[in-house]
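Both complexes below contain subunit A, partnered by subunit B and then by subunit C.
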Partner chain A sequence: MSLLEIDDLHVTYSTGDGSVHAINGVSFDIDEGVNYGLAGESGSGKSTAAEAVLGLLPENGTVESGSVTFKGQDLLALSERERRDVLWEDIAYIPQSAMDALDPVMTTGAQIRQAIQTHRNVTKSKARDRVQELFDMVGLDPDRIDDYPHEFSGGMRQRVTIAMALALDPDLIIADEPTTGLDVIVQDKIIDKIIEIQDRIDSSLLLITHEVGVIAETCDELSILYGGKVMEQGSVDNVLVNPTNPYTMGLKNSFPEIDNVDEDPVSIPGSPPDLSEPPTGCAFRDRCPFADEECYESHPDLVDLPNRNHRSACHYVDNAAQMRRDAGDPRTWGIETDTASDGDHERGEVILETDGLEKWYTQSQSLLDRIRGDEPNHVRAVDGVSLSVRKSEVLGIAGESGCGKSTLGETVALLEEPTGGSITFDDTDIEEYQDGNMKAFREKAQIIFQDPFDSLNPRQTVRRLVGEPLAIHDRDRDTRARRVRETLERVGLTPAEKFLDQYPHELSGGQRQRVAIARALVLEPDFLVCDEPASMLDVSLKVNLLNLLRRLADEEDIGIIYISHDLASLTQVSDRLAIMYLGRIIEQGDTEAIVESPKHPYTESLLRAAPEKDPSVSRDRVLLEGEPPNPVDLPSGCAFAPRCPKAQDECYREEPGLDAAGGPNQSAACYFPVGEDPVADDGPATDDAGTGSTPQESD
Partner chain B sequence: MSDFQRFLAKRIGIAIGLTLIAVTIIFVVLRMLPGSPFESLITAGNLTQGQVDEIMALYGLDKPIWQQYLIYLRNILTFQFGYSILQSQPVWDILAPKLANTLILLVPALVTTAVVSTLLGMYVGWNRGSKAETASIIGTTFLRSTPVFITAIFFVIIFSYTLDLVPAFGMRSITATPDGLLDTYMSMDFLHHYILPFTVTVLFYSGDFLLLARNGVVEKKGSEFLKLHRAKGLSENEQLMRAGRNSMLPVITYFALRLGMIFQGLILLEVVFAWPGIGRALVLAIQQQDYPLVQASVFIMALAVIIMNLVADVLYAYFDPTVSVSGGGA
Partner chain C sequence: MSTETITWRDRAATVGEKVQNQLAFVLSDRMALVGVLVMVSFVFLGVFGPMLAPHDPIEDDIRDDEGDLLRLEGPSSVAPLGTTVYGKDILSQFLAGARPTLIVGLFGGLGTGVLGFLVGLVSGYYGGWVDEVLMRLTDLTFSLPFMPMALLLLTFVTPSIWLITVIIAGFLWKMPARVVRAEVLTLRERTFVKSARASGAGHLRTMFFHVAPNVLPIGFLYTAYGVAWAIAAAASLAFLGFGDPTTTSWGRMLRMVFDSGNIRVAWWWVFPPAIGIAAVTTSVFLIGRAYEEIINPEIQTEQ
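Now for the complex of A and B:
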């Protein structure tokens, strides 16, 4: 008997204008000790399925029909009280966003203790002991159980929720996007931890994620959901290696991978289905290149493929091999490929150059210190960065959260005042613009922010949102109307008329981000800063966006700085990469050179941290110890040395310059670059270790 | 010195500064009022110039203004409020009973409404969209937006004149001559007079707390941490308590500030119910330009607000662990 059996589950949400059929007949079984993955784009119903199992559906959500059986017990038939006994005792839950999932006014230890004491009759001190044990298990300091959530970083908070999930040795752990919002290195560590622990306590895991790669690495079986239907399910090895459903193929192909710099990921065009009616035909038919009349008439049933653990819901399972071949070709999906994007295009003149750029934030001081004239502490968010961007070039900036990459973007776009160094934009020093000429600068340099949900004024229509920059820069009414329309079509919002009078909340995430891009492009800038523009988007939308940016650089000669922690998408879009660590660039060079042979150990671990979508490929993890040090109180010498597996005495004495290693197309700030044996003797080390750090030299 | 002590020292410093400023403003404003306390006596021709000078000297009003200011500062900060000019009694003897009357009415009323309305607000916020929610919001908003004396008059008409349940005004029966504190405030007679103004005050303040608590809970309701609490198997009430605890801050702040302002009394309410409180005393004292009395009562009111502000800050730091007591950041 399976641990959890879900049979023909239907869930609807009632909304102001009718109901949304989020799940339309989903069935799957999880056996004991099995890691099960649920994958799909947003809106595919994967989180709803988990919430239905846990009984956590929001008030407007109802289970219409179907059954959820856990250890032979029908979960849907339980009373509130009976369900509460099952929750956490048998089924634990790791929530989506660790940042908000912990009660901010309760110590982390108390929250875990609460979970224990709700279900077990134990004394407070016994429960505390257990919490300390759990903290130790997930790699947190057991002495910190009396700290509040805000005293932990995002990754550590996720560890707290994992510790909480483990508290009562549940039989099933449901993890809903446990790593979304964390950067690659932390994500890798968390996944590693979940698997390690879950192996040890031998529970089952239901992992919900939109990252096929994470499932490929952690799960034994999976279901791919689309439009509230199971498209394909079975063992991970079968489904992901030899997908038989066009949706799975599309999802897999759109997942960018670091190693294939030349191979563009192929996105699935279109947007998720409208679920205001239960789907009549195949849910995927509108976006499927292989669809014909039959697909419009009925949704295909899941068909067992012979001789293996693999089921697919497609009318044309028999043609799977042929479809697999075709699906790798973007033209199958109706996407124009431009041969220009092979990376060999001309790069224009330098549009932006920074030299030793610094942005230090002063920490507030006590009155006494101020009177004594003590030097205030600085947070060195950007600390001596020298880089240059050419027209029609995409420079990727990568790094963990907190490395200063966003501050760098904002400083370069002059949204933050630089505290040192210089910026030259379009052959003119930035100070000339700041001297009453900012409007001219803003016209040429634009920025796109991370979150399209916050960066658009919810009370303005698309027409006004996109037209506003034109109004600010005194374009007349006719030009404005024309340019708004043109720009919307340029970013793929066609026909423009359809979108002009819509408000942001009426648009999907991908469309919103396109509006944000249109707003940045409407003035036809020469230079664009993109700060994680794709981090909130689904894979296929992400690929669309990357391709759009690439095209803008290639065809319209825009210089782009693309900031992200997601190296896989960075390598897809960038010509050159700069890796940042604690406010400095520690490696920079051509994308291919860096991906193929990273010199800096930090770059190497970043590259290794990205999950692999092919389950047959195994990957060596390079798990970094610890967290980045406090940017106020930096160690002398190389800032990465305390976490570096190769660090020698020399690294602690003096900071390597960016010219310490590398070749013609690549340079890295490391004495002992990857792939070369450490030679302790002939470094340029001096015996007296300076207290300050040597500023970096420009490349 | 720990972070918290430093924070406390800073806040106390600010409170002391504010007190000095408030005291100075009281002084300046009073001296800027035209006329003097003896004006009416002088214009009536009852006093000779010599007598006037003598009286002015007696009260120290012949000294240069800066000397008056310094003496005033010294006295008021050591709580030496002096003698009332018009009532020839120590100021404190006049003010203390009035203040006590006001506080005995308003403090229990405020505490009651804070507890009851907050709990009710949390409950209706949790059951958003219910009839109870709509009714309670409309009811309390109505009570809050109607001037308190109108509500009071209606209550007097209904409960005193029509139903004849409680007396219409005063703090005790006219014939009663209570002896000692216990007798004054713990008698059935007092309670009988107390119940109506108490109820009106409770209702008047209920809207603020109810809405604050309701909005807080509504805002927290969809949050991820409550979902996790729910997944942990906490019961509905336990979840509500967590939501309430998380939306406690505005309620606590508001309560502390209101508590400070209560020292000013609710003048209109005191007038309608003929309650001998500090609000009425102040209005009278200003009319009569009774400097020492006005100075003392305004000082007490300002001090109460400042102290309760300080308490609110400290409570805030205590109840919200994310408030950075070191004052870093911005």
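Now for the complex of A and C:
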């Protein structure tokens, strides 16, 4: 018998404007000891399904019909009290943004102990022993159970929540996006830990995520959801290797991969379905290139595919092989591709150049220290960065969070005052601009921010938002109206009339980000800084955005700095890459050169940390030890040395320059670069770096 | 030019629609509706009250048929709300007294709201030493007790209704200033403010076009509360004998009845001004509470 059985679940939310049919008949079973994945874009109903199982639906959500059976017990029929007994005892939950789920005024150990003592009649010291055991299991130092949440880093806090979920040996753990918001390297460690724990204990896991790659690496079986319907389900090996449903194919193809620099990911055009009515036909029909009348008439039932653990809801399962071939071609999805843009194109003159750029923040001092005249501590967010961007070139800047890449972006856009070094923009030193000529600079250099939900003034219409830069730079009214319309259509908001009078809250995330881009482009700048513009968007939207930026660089001669922690999307869009670590650039060069043969050990581990969406491909993990050091108190010598698997005495003595290693189109700040002679094609770096790291890491 | 008028008209239409939406929200709350009705009649009294009064509140004496002065009489056909100890008509005093109350409330409230809003906006937006100076000033006004300070000031100058309004606004602006500043501090860090600067907007533009509209609802709310505070403060001052001696106000009516020593007896003299003040301040808070639901989405979703 299965551990958890969900049968024909329907969930609706009642809102001010009618009801939203979030889940429309979802069924799946989880067997004991199985890791189960739920994947889909936002709005596909994956989190709602988990909340329905846990009985944690918001007040306006109702389970219309269907059943949720856990070990033969109907979860939906339980009273509040009975459910409390089942939760945590049998089913543990790791909520989204679990890092904020810890109580800041209670030690982490006490929080876990509390969970244990509520359910078990054990003494305090026994509970403490159990907490230490759990800390050890998730790879945290057992002596730290009396530390408070703020004393841990984000990834370690996530481990604490995992430890808490494991506290009572639950039979099922439900994890909602456990790695979203974490850096690739940390994400990789967590995934590794989950797999390791799974081997040691026999509980099942329900993993909800939008990243197919994470599921491919951790799960045995999965369901792909779309519009509250299961599109395809079965074993991970079958579904992800040979998808039979056009949606799965689209989802898989839209994930950029680091290794294929030349191959553009293919996005799914269109937006998620309107769920104000229960879907009558196939939920995916409007975006599916293979849809015909039959798809409009009825939603296809899940069809069992012969001889394997694999079901797909598509009327044309029999044509799957043909569809798979076609789905790889962007033209199938009605996307025009400009063949000319691939490969080499003319790069223009240098538009922006920095030399030894520094941005140090002074830490606040106590009055006594100030009187004594002590030198204040500095946080070296950007510490001597030299780079250059040409017109019609995309320079990608990658690094973990906290490495200073966003500060670099804002300093280059002069939103932060540089504290040292120089910036030359358009052959003019920026001091000349700052000398009462800032408007000229602002007209030519623009910045796009990370969060599309926060970067637009909620009280202005699209017309005013996009028109404002024109008004600031004294364009007349007719020009303004015309330019606003043109720019909106240029970024793909067509017809522009439809959007002009809308407010940001009436737009979807992708549309908002496009408005933000239109706002930046309306002045026809020469230079654009993009600070993680795609990190909050769904995969298919992300690909759209990357393609748009690439086109802007190619066709309009804009120089672009693209900042992101997501190396996969960076390699898709960038001509050149710069890898940052603790305020410094540690490797720089052509994208292809860096991806194929990273020189710096840090670059290598970044590249290897990205999850692989194809479960048949095995990946060598390079797990870095420890956390980045405190930027106030940097170690002498190479900043990466304490975490570097191959650091020698030399590394601690003196910091290597960017010219310490490299090739014709590449340079890295490392004395002992990875794979000195780049001969082997299949990852020249594996052997060297792999030996230094063990799956067991110490924080 | 034609396009310009159209956009102007469109804009006026959307603004009108917005105001209508917000009013509709207020009206859907029954308590707020009562508040609005009270406020409407209060404003009506404030504007037309003195004209409606059957007698002059101070000059005219009320006499019975025999020509005797009616002192401290209860409600009768001659004086529907009775008379004062000096034989004056209380209804007329009540009607005439609405106007100074309205003036103090309206201008005191507006002054409080506008001054506080601007101080909070500037202080929160610029930060640094500007913030330091303005907030220390705010702390100073917080530390000075309102009543004794106002009394002290009024003993040196002849109180007039406008002077009292200014004094009240000068003491009450601290409340909105604090709240608006706190709100601006979080708004200032929002990305769209950075984005405005990145597109070349100057400080004034960023402050008034991007930051201010997002704190405006709170400004409105505190202006409304300012109205209530101002009315209560003016009434207290008048009751303590520091009101404008030349006009009849509700607070002054209470002072008179207290002075005459009849406050325990002459309920017809006490109730009209007391109920008037209580009703107006309560309605302001009722409307304010309903309005708060519009600006605070968290309360809104609970409905």
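We take it that the second predicted complex is superposed on the first by the 674 of 699 C-alpha atoms of A that agree within 3 Å, B and C clash if a C-alpha of one lies under 4 Å from a C-alpha of the other, contacts with A are read in each partner's own complex, and residues count from 1 in each chain.
In the analysis below, contacts are C-beta pairs under 8 Å (C-beta built on N, C-alpha and C of every residue); 3 or more make two chains touch, one makes a residue touch a chain.
Note that the structure is predicted; figures quoted are calculated from it, not measured.
Engineer: When the two structures are overlaid on chain A, which partner does A:84 contact: first (subunit B), second (subunit C), both, or neither?
Structural biologist: In the superposition, A:84 contacts subunit B only.
Engineer: Which partner does A:477 reach: the first (subunit B), the second (subunit C), both, or neither?
Structural biologist: second
Engineer: Name the contact category of A:553: first (subunit B only), second (subunit C only), both, or neither.
Structural biologist: In the superposed model, A:553 contacts neither subunit B nor subunit C.
Engineer: Let me test your reading of the model: by the given contact rule, A:382 touches which partner, first (subunit B), second (subunit C), both or neither?
Structural biologist: In the superposition, A:382 contacts neither subunit B nor subunit C.
Engineer: In the superposed arrangement, which partner chain does A:397 touch: subunit B (first), subunit C (second), both, or neither?
Structural biologist: A:397 sits against neither subunit B nor subunit C.
Engineer: Touch test for A:523: subunit B only (first), subunit C only (second), both, or neither?
Structural biologist: second
Engineer: Could you look at A:161 and tell me whether it touches subunit B, subunit C, both or neither (first, second, both, neither)?
Structural biologist: Only subunit B is touched by A:161; subunit C is not.
Engineer: Is A:104 contacted by the first partner subunit B, the second partner subunit C, both or neither?
Structural biologist: First partner only, subunit B.
Engineer: What residues on subunit A does subunit C touch that subunit B touches too?
Structural biologist: Overlap of subunit B and subunit C footprints on subunit A: empty.
Engineer: For the complex, which residues does subunit B have touching subunit A?
Structural biologist: Answer in residue numbers: 6, 222-225, 227-236, 238, 242, 245-246, 319-322, 327-329.
Engineer: Tell me, which parts of subunit A touch subunit C in their complex?
Structural biologist: Residue positions touching the partner: 410, 413, 415, 438-439, 442-443, 446-447, 449-451, 454-460, 468-469, 472-473, 477, 481, 516, 519-520, 523.
Engineer: Okay, in this complex, where on subunit A does subunit B touch?
Structural biologist: Checking each residue of subunit A against subunit B gives 54, 56, 58, 80, 84-89, 92-93, 95-97, 100-106, 114-115, 118-119, 148, 150, 161, 164, 363-364, 366.
Engineer: Note which residues of subunit C are touching subunit A in the complex, please.
Structural biologist: Answer in residue numbers: 3-4, 190-192, 194-202, 205, 209-210, 213-214.
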